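Data first, discussion second: the structure below is written as structure tokens.
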Amino acid sequence: MAKIAVYPGTFDPVTFGHIDVIERASRLFDKVFVAVAPSGEKGTLFSIEERLDMVVRASARFKNVKVESFNGLVVKYARKKGARVMVRGIRMISDFEYEFQMALTNRKMARDIETVFLMPNESFSYLSSKLIKEVARLGADVSTFVPADVKNKLKEKIVHEKTS
Amino acid sequence: MAKIAVYPGTFDPVTFGHIDVIERASRLFDKVFVAVAPSGEKGTLFSIEERLDMVVRASARFKNVKVESFNGLVVKYARKKGARVMVRGIRMISDFEYEFQMALTNRKMARDIETVFLMPNESFSYLSSKLIKEVARLGADVSTFVPADVKNKLKEKIVHEKTS
Amino acid sequence: MAKIAVYPGTFDPVTFGHIDVIERASRLFDKVFVAVAPSGEKGTLFSIEERLDMVVRASARFKNVKVESFNGLVVKYARKKGARVMVRGIRMISDFEYEFQMALTNRKMARDIETVFLMPNESFSYLSSKLIKEVARLGADVSTFVPADVKNKLKEKIVHEKTS
Amino acid sequence: MAKIAVYPGTFDPVTFGHIDVIERASRLFDKVFVAVAPSGEKGTLFSIEERLDMVVRASARFKNVKVESFNGLVVKYARKKGARVMVRGIRMISDFEYEFQMALTNRKMARDIETVFLMPNESFSYLSSKLIKEVARLGADVSTFVPADVKNKLKEKIVHEKTS
Amino acid sequence: MAKIAVYPGTFDPVTFGHIDVIERASRLFDKVFVAVAPSGEKGTLFSIEERLDMVVRASARFKNVKVESFNGLVVKYARKKGARVMVRGIRMISDFEYEFQMALTNRKMARDIETVFLMPNESFSYLSSKLIKEVARLGADVSTFVPADVKNKLKEKIVHEKTS
Amino acid sequence: MAKIAVYPGTFDPVTFGHIDVIERASRLFDKVFVAVAPSGEKGTLFSIEERLDMVVRASARFKNVKVESFNGLVVKYARKKGARVMVRGIRMISDFEYEFQMALTNRKMARDIETVFLMPNESFSYLSSKLIKEVARLGADVSTFVPADVKNKLKEKIVHEKTS
């Protein structure tokens, strides 16, 4: 039976850390759905279309990876896709606690879906979309953190924020 | 001398985890005041009256437990009640750090009041009011996380949010 | 391509927590090798034969699981088995740090092998072989922590320790 | 009903941190048994008699505190004493994990006994019997860490170690 | 070559914990710039002028300390000042993770600037500007947490919040 | 006044992680003493002479670094060297707790000596002398973890362990 996995996230924007996890997942499972979540309570810098577009480009070279947006509970989305696995990257203790809590909540709702945690490359262990947006707003060059097209999108967005 | 304890919280809404701590406290102390805090900076989903009401129902079977709202510093409220003990549930590392910091700050303000930490049942260790609201908004059935009346209140509230 | 995984450990003795991880792994992968490590620096209570035997019994009901002992580096063993995945259970922060360090060291030695972390059922999150041996030595009934045959083996072993 | 608590430990030797916890417990409960454990696997520097004697002196001023040694499972000892509460001091994250695991294991064995965690004064948060022995062996003056009689006992013991 | 350090922060408001770190840094380095950051996304209670003023008063007795505000990336500010060192106080695990992530991000942007972590006095380990504002709003006396002039400023500010 | 620092450790054996910290310290301070501790309770794989020799070679290119062995309390050694600073590398949460406890104990014994924490390069964040010895014993090639001469020494030592 083909092993299908879902890798959910906000990807606001996608970073080299996310891409590293996507690559690892693509090697572990037969099919991987990268599931881009709608903006949560706090809002996102990029629209769902922009985020989808950036993840699509970043994942183009992984043949068994498909990028989609989803609504509602991620475990319901996973079931619809026939996925029995949820993938999460884990870098730090604080990640770990939140991820654990989320995974246990998901498990209560869907006993048949298993969360597996992967470690990104240690050189990406400090990367966070939040921090990248912060330093980009302060004028930093973020080309060591995100792909070139994401870097450009970030620059445009931030100029637009400041002039609007 | 009767041992009186205060168990403060926001309870937005009360969960099976909170109720487990209330039960443990009620066995340890002669009298327990569950003290419902006004909404903090971030606001609450339920009004103080709604939260009080839900905690009152959830605590009805514990004879030495009284539920009240309070204003101002919790250590002042505790003193007014003759309580020398503050009860806090502790589930995770991240809880622990915040709780520790809070308890040490309270101790600086009121050396005579001792904070004691209790562990809820491990099957509730992943429960958080925040996460429950999140998944309820996404359409999850939360009956394994909260009492039936809280579940119904949550459903109403969320429908109301969406239509208003 | 069949997905083959290795779940290495000392299993001194196997607990319900380990068995829960074995079950989860057996659902995720086509074939799982449970790899019982020789006793490390600190020695083990049970011999390699005894530990193997207990894990074999505990895993009998999982059809795609095979139990073996191994020597040397676990990544070499994994390669010999055609496994591209190492499975580790993760329960606590302190686990997490050690496991992370181990996984990163393994990755440096074998870039092609991916470590995936699974969460056992939360009711087993407190279980540790070390603690179980400790309380068994003090006379505790350990039947909620380990299978019946392991419980009996533990009892024999401890009586033998005391009389020898 | 009188609230009876047990505060178990190895106390090898007792420190100002332990004494602070004993004092806090003596204010919270009607009766506190400080329960000195036999030496574990790793052995202790001081004999059970020496450790008992030092804890007795350190606790003399707390009228509702009794110091005893115990054997076997601490939950059994607690029951024999009519105690429904186990007290543990908690200072650090690493404490927390071990203590949590221990408390959950105890809970599995004795559902009727509740572990409560107390915070020692923050100025004692770094104290550990292990570290104190380490620095005493290296010639440090430990009078800010332990009572005067413990300091002298430590000195004697260490001289004896070196000359034997 | 003179060793110049930068100690950046929001200081909303400055606490005895910050002042302790400033003092330690002033003993370690030839020159220390305390760099007051503009208000971030979440806003600050005090304006940049007010925060600068309070830090200046708190640092007056340290002769090699200069207090300034800065804009943009802190590593750029550090370079402009000829500083090769960034100082950060570290009190708790949660600090540690964020600080680590920030320091690694800064390192990626400026390999020549080293972040060093200092521990404030353990009696300040629980202090946080956020908690102090919280309890001050609830009417607490904060004179054990902040200097007298900061305490008065806080009081004024909070009265003003409530009446505006 | 020249800033003198001490970087103490067991270095059993020295790793690329230690060398990275030595380099960072050599840039921050005018003079750095790398202080090799005698073997503690648990013993060391390499003798003090062997460990000294390996650290000396690894530090040869840092002109302001001197490698020495020491006995007794490290704070006393630091004072003898005129050092006001102790340097420690910090990689993980578990490091952090132990290091914090050690630093606070040292501070109690010597208020004039400040411990500063440095982060090694993130690619060394998983390295530990203990783990390296473990995998070397299992036959791993450790050339990505330690300098060539240390690798050879390790190999010899381990062959010798097995044949003796």
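Chains here go by letter, A, B, C, D, E and F, matching the order in which they are written, and residues are numbered from 1 within each.
One rule holds in what follows: a residue touches a chain if its C-beta (ideal position, glycine included) is under 8 Å from a C-beta of that chain, and two chains touch if they have at least 3 such contacts.
Remember, predicted model here, so these are calculated numbers, not experimental data.
S.K.: Starting from the defined contact criterion, work out which chains touch subunit B and subunit E both, please.
M.R.: Neighbours common to subunit B and subunit E are A, D.
S.K.: Would the interface of subunit B with subunit D count as same or different, where same needs over half of all numbers used to appear in both copies?
M.R.: same
S.K.: So using the touch definition from the top, which pair is joined by more C-beta contacts, A-C or C-F?
M.R.: When C-F is set beside A-C, the one with more contacts is A-C.
S.K.: With chain centres set to the mean of the C-alpha atoms, which chain is at the far end from subunit B?
M.R.: F
S.K.: So what angle, to the nearest 5 degrees, turns subunit D so that its CA atoms land on those of subunit F?
M.R.: When the C-alpha atoms are superposed, subunit D turns by 120 degrees onto subunit F.
S.K.: Could you please state the distance in Å, as a whole number, between where the Cα atoms of subunit D are centred and where those of subunit E are centred?
M.R.: Averaging C-alpha atoms per chain gives centres 38 Å apart.
S.K.: Would you mind pulling out the distance in Å between where the CA atoms of subunit B average out and where those of subunit F do?
M.R.: That gives a centre separation of 47 Å.
S.K.: Mind checking the centre-to-centre distance between subunit E and subunit F? Centres are C-alpha means, answer in whole Å.
M.R.: That gives a centre separation of 31 Å.
S.K.: Which positions in subunit A are in touch with at least two other chains?
M.R.: 93-94, 97, 100, 104, 122, 125-126
S.K.: Just spell out which pairs of chains touch, all of them.
M.R.: Result of the pairwise touch check is A-B, A-C, A-E, A-F, B-C, B-D, B-E, C-D, C-F, D-E, D-F, E-F.
S.K.: Please give the residue numbers of subunit F that touch subunit D in the complex, ascending.
M.R.: 72-73, 76, 93-94, 97, 100-102, 104-105, 108-109
S.K.: Which stretch or stretches of subunit A touch subunit C in the complex?
M.R.: On the subunit A side, the touching residues are 3, 24, 27-29, 84-85, 90, 93, 96-97, 100, 103-104, 107, 114-119, 122.
S.K.: Quick one: in the complex, what on subunit D touches subunit F?
M.R.: Within the complex, subunit D contacts subunit F at residues 92-94, 125-126, 128, 131, 135, 138-141, 144-145.
S.K.: For a test of understanding, state which residues of subunit B touch subunit C in their complex under the given definition.
M.R.: On the subunit B side, the touching residues are 93, 122-123, 125-126.
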